[in-house]
Amino acid sequence: MVVVMSPEATDEDIARVVSRVEGVGGEAFVSKGVVRTIIGLVGNIDSFHHLNLRTLRGVADVHRISDPYKLVSRQHHSERSTVWVGPEGKQVPIGPDSFTFLAGPCAVESAEQTVEAARMAQSAGATILRGGAFKPRTSPYAFQGLGLAGLQILADVRAATGMPVVTEVVDARDVEVVAEYADMLQIGTRNAANVGLLQAVGDTGKPVLLKRGMTATIEEWLMAAEYVAQRGNLDIVLCERGIRTFEPATRNTLDISAVPVVQATSHLPIIVDPSHAAGRKDLVVPLSRAAIAVGADGIIVDVHPKPETALCDGPQALLGTELRELAQAVRRLPGVVGRVDASTLTR
Amino acid sequence: MVVVMSPEATDEDIARVVSRVEGVGGEAFVSKGVVRTIIGLVGNIDSFHHLNLRTLRGVADVHRISDPYKLVSRQHHSERSTVWVGPEGKQVPIGPDSFTFLAGPCAVESAEQTVEAARMAQSAGATILRGGAFKPRTSPYAFQGLGLAGLQILADVRAATGMPVVTEVVDARDVEVVAEYADMLQIGTRNAANVGLLQAVGDTGKPVLLKRGMTATIEEWLMAAEYVAQRGNLDIVLCERGIRTFEPATRNTLDISAVPVVQATSHLPIIVDPSHAAGRKDLVVPLSRAAIAVGADGIIVDVHPKPETALCDGPQALLGTELRELAQAVRRLPGVVGRVDASTLTR
Amino acid sequence: MVVVMSPEATDEDIARVVSRVEGVGGEAFVSKGVVRTIIGLVGNIDSFHHLNLRTLRGVADVHRISDPYKLVSRQHHSERSTVWVGPEGKQVPIGPDSFTFLAGPCAVESAEQTVEAARMAQSAGATILRGGAFKPRTSPYAFQGLGLAGLQILADVRAATGMPVVTEVVDARDVEVVAEYADMLQIGTRNAANVGLLQAVGDTGKPVLLKRGMTATIEEWLMAAEYVAQRGNLDIVLCERGIRTFEPATRNTLDISAVPVVQATSHLPIIVDPSHAAGRKDLVVPLSRAAIAVGADGIIVDVHPKPETALCDGPQALLGTELRELAQAVRRLPGVVGRVDASTLTR
Amino acid sequence: MVVVMSPEATDEDIARVVSRVEGVGGEAFVSKGVVRTIIGLVGNIDSFHHLNLRTLRGVADVHRISDPYKLVSRQHHSERSTVWVGPEGKQVPIGPDSFTFLAGPCAVESAEQTVEAARMAQSAGATILRGGAFKPRTSPYAFQGLGLAGLQILADVRAATGMPVVTEVVDARDVEVVAEYADMLQIGTRNAANVGLLQAVGDTGKPVLLKRGMTATIEEWLMAAEYVAQRGNLDIVLCERGIRTFEPATRNTLDISAVPVVQATSHLPIIVDPSHAAGRKDLVVPLSRAAIAVGADGIIVDVHPKPETALCDGPQALLGTELRELAQAVRRLPGVVGRVDASTLTR
């Protein structure tokens, strides 16, 4: 059972819930978030029912957990959610009514490269800029990102272009500094089960882009989201980016079915990353079209002004013809499947 | 190296090639097809070059094999192919310019059920009827199909509706009789590496619908197609139907990327089976939209007038609302991605 | 429900069962085997119970199916079975009390190579000779085996060495001829779901070596065995030979746990093929030791006098030092885990 | 290229290397470990060769990276390594000459349960105690471990039994406190790609037990070890614990081949965890026997005095008959494959 406290709940209100639960032999796990506190109950559910917790001061809601995840479930919140990204006045929605295009370089390499990539992305229709300052790599000898300098570049490019910025955080100890610079925090596929990091981004109150673990089931992925949500942060956007299978023709196998499966069970928005799924730029445009048609709430795509010199994932970055084709798909297809261009909805 | 003989080549022409090859110490594997004969050469390739085989009477073409598959490769035939299905005057194309909708019941259960399903399919825009008379099942205690009686029902429904029929053949010993009734022979996922069966359908000269083995790499799948092609039958349509992965939310994981990957390396048409990939009817419409948008040459979908009583795969069969939604997607989306409705192109 | 008829049951006895079943609205699927007939019932199980089928003449047993497989289940036959391979007087057991070593060349290439490999195998302790005359290959351009000539070579080598012979059959149409020459028929991994072939080897009454499909679950594998058993042939030995996973360091991943899992649920003997699992000869000895220690009833290993010129799977064939190490493991380890060398038990 | 500094190298020595590398346009990544400093070079390798870095003061070794991993490779260190665990005088080896048995409860639940499990483990022959104080769980609502209180219990049980303790650390921020209590730090399967955590345990200088990511290739696993090694800590023991495959009969598929594959390419010791691989206690004894026979340097097994009330992974914990069988296998089998019982080698 999960007790969701209202944003106005006091410490006293929280202590009251805990004491009642303990009074009937149960245990109460308190998670204080920036926005709200959530209390997980473990023990005899029947005894909890008699407590009438919903009537206590400061309690907003009480859920019985039947799905293994709860706060992110449509059982808990039947309407699909919209997450708003960016500073007030320039907030871009990701949600069920719109289609949102995120693009940028895999890694921030220099101010020039980043601003150029951002301009390319923007002309193609993108409204949110992606770019990695901290890069988790399989090899300790591969380029690990510019770190703080990269964050500063992203902030400068946001100022220059007006695009909100999403960037990855790979270590719980960096969450605070990244949250100062970024509009949305990305959890990468390698950290999809890194509980400490999930909780740390949950604590910030910033929107989170949660990539699917490359070998996570959909249920495990939603459980990861639950770790974020449990800290009081429900501004989570899921991102399908391909799973590991036996097929070697693509870097990962894009699990396109994950989009309608997630939408049937969770209220969270879900977008698709065709670049990291395929690892080949010739597949990015057809997979982006498939993502739009299947009903994804957005796509996130690698672009780079000079893919051949990119320090990270050059073979999958778009420019020139492919980017123009993608821009065309992003303009035409969402309308056919009942979506509005997110750029027209900023608030 | 592969020598493709012309359709007019005589036995003498073939013997001449074999004798030249053996004269330089090589081996020649002769595959006589209904339409043409193909001779595979094994041995020292350099010595074969000196034979100038291309200049011999009856030789249409000589290919050096660098891809593991050859006849089905775009290196061999750079234009993407169109396969025509059905009797003259009612032939329906499956190929790069059109979009073809195949539908029908998973299994033929009775004349009434089959004709009703065919009418449903036809009103939704389908132009080729699918239906199983021989069913390969994991359990020997599951319904194995009506067999010959099922073939007769399919032939009757074809006569009644004018739709060409595709049906599965599961045993090399049944190929002849199935080929008498059907317009297109389907090889199912469980037989994707059944060499004897692949060769047997290759010998018939009838169009073949080759489903991907549920655990076959794309390269292995194209090698299976090569077994058919090597018997002189190039009228092969590939069908992506999901692969086995760790994800339990869907029966299989639809590998949507396989469509552009195959189109980049093989000239054969490729269609998508969203019903068997998902195993859940609520995913069939979004996955069909994704298939059209990614550039598939067609889709094949289970429909059944009473899914709840279906003897096979009822949970994935469409009717009512979903079928109407699918019909709408099939009418609207192909045009957006530059495709013509195949039903307007019969010849 | 499955009705197992006694070997003495007459056609009349069979017809009586069918007619009773149909009399209560059920369907009866009759499978006549060489040794016995089995009748599968589909319909309302409660109505079948009232028929008291077990009391009818010619009925040996009636099973209610709760496992998806039945005849191969330990629920049906709680003692683990022993399968005897070879002509009377030279029969070698594969079963729970002994440890059986099968070895030989992947493919029969010539009389010399085969007899030499057989002698190597025999000196290392092998008691059954393996060798492929019909080879199922991924590519139609790869060596497909010597066919009938290969069978004749195997028969000659059996005469020379006294070793019973197991060889693969890849096409239902070849089963009869292969059964004339071989002591045991192998179904390869690519044909593990080829129902027609499974039924055809079931009809011969010869022992069957059933390799696991490289992507078959254990349950699917036992269902494949059930297809053989349903034809009245229970002399089936299962062979774990590695499954397809994401790990590229080995050709397949040897699922060593499959041995105790199968032994817990099926009475059939199970052996391990470390050569095809690993695809690398340096792993064959450690994996063979693991197979013995885990409790396998035998192992089957590739040996070749000149692996570097082998036409099939040379990199995994043993000779010299490795073969001596393997011979030592086969002599010492089975006794430590309570097994007797099968060569001492021929009857 | 990687420069390994000698333990006596000064800051000045390090600065000299960096400055030379930067002088030819390269970049130098300095990782200061507790024992030694390692400098990774990125840039033009040819220009680095001219620097004759090996001749500089404080440089112990210079490696050209051809394997993606280097410090953990046998190319770098051809002899297989032994890692010693525990306080001086009670150090237990894990390495190529011995066989080491680690056992204990999955989770520390109470002082009583832990000491009882430790006594069970010790009587069965175990020499190192395992037990989880911090548990990474898929669900935020599952038992997450006793934390600090659990560490204290482990320290008490170590004092009572003399067994060195290995316990998991799940968050980089906890590494320091866990290292105060534990003799060996475990990285769990969910954190196998958590770079910050790998680096943090690398910084401690304590032995590390690095579980394989449940979906990590062997190469990725060795790269994770390289992240630890790069911080100057080479006391790493690898632990195979099963990988995710399509087979549902076991929780994971034990990749037994990983043992000889790792031993062929890395000098690090490798042990096997049959409990977490199988998830079923009836498989633990046969899989342990397989692990010993294949040549593993040890096994780690769950034991629990009352598995039916265990807060974590009860179904796989041994006691009674199975534990006695395991004790017998651990006594008899290692000698047969040339190993000495590690408990006789403490130093």
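Order as written gives the chain letters A, B, C and D; numbering starts at 1 within each chain.
The definition used in the following text is that a contact is a pair of C-beta atoms (placed from the backbone, for glycine too) under 8 Å apart; a residue touches a chain by one contact, two chains touch by 3 or more.
These figures come from a predicted structure and were not determined experimentally.
Chemist: Common contacts of chain C and chain D?
Modeler: Both-contact set = A, B.
Chemist: With touch defined as above, tell me whether chain B and chain C contact each other through largely the same residue numbers, more than half shared, or through different ones.
Modeler: Answer same: the two copies use largely identical residue numbers here.
Chemist: With chain centres defined as C-alpha means, what is the inter-centre distance between chain B and chain C in Å?
Modeler: 32
Chemist: From the C-alpha centre of chain B to that of chain D, how far is it in Å?
Modeler: The mean C-alpha positions of chain B and chain D differ by 50 Å.
Chemist: In chain D, which residues are in touch with two or more of the other chains?
Modeler: Touching at least two other chains: 215, 244-246.
Chemist: Enumerate the contact residues on chain B facing chain A in the complex.
Modeler: Touch list, chain B to chain A: 215, 217-219, 243, 245-250, 253-261, 264, 277-278, 282-283, 286-287, 289-295, 332-333, 336-337.
Chemist: Across the complex, what residues on chain D touch chain A?
Modeler: Chain D reaches chain A through residues 2, 40, 42, 65, 68-70, 136-141, 143, 170-173, 190-191, 193-197, 214-215, 220, 223, 226-227, 230, 244.
Chemist: Please name which positions on chain C make contact with chain A in the complex.
Modeler: Chain C residues touching chain A: 244-246.
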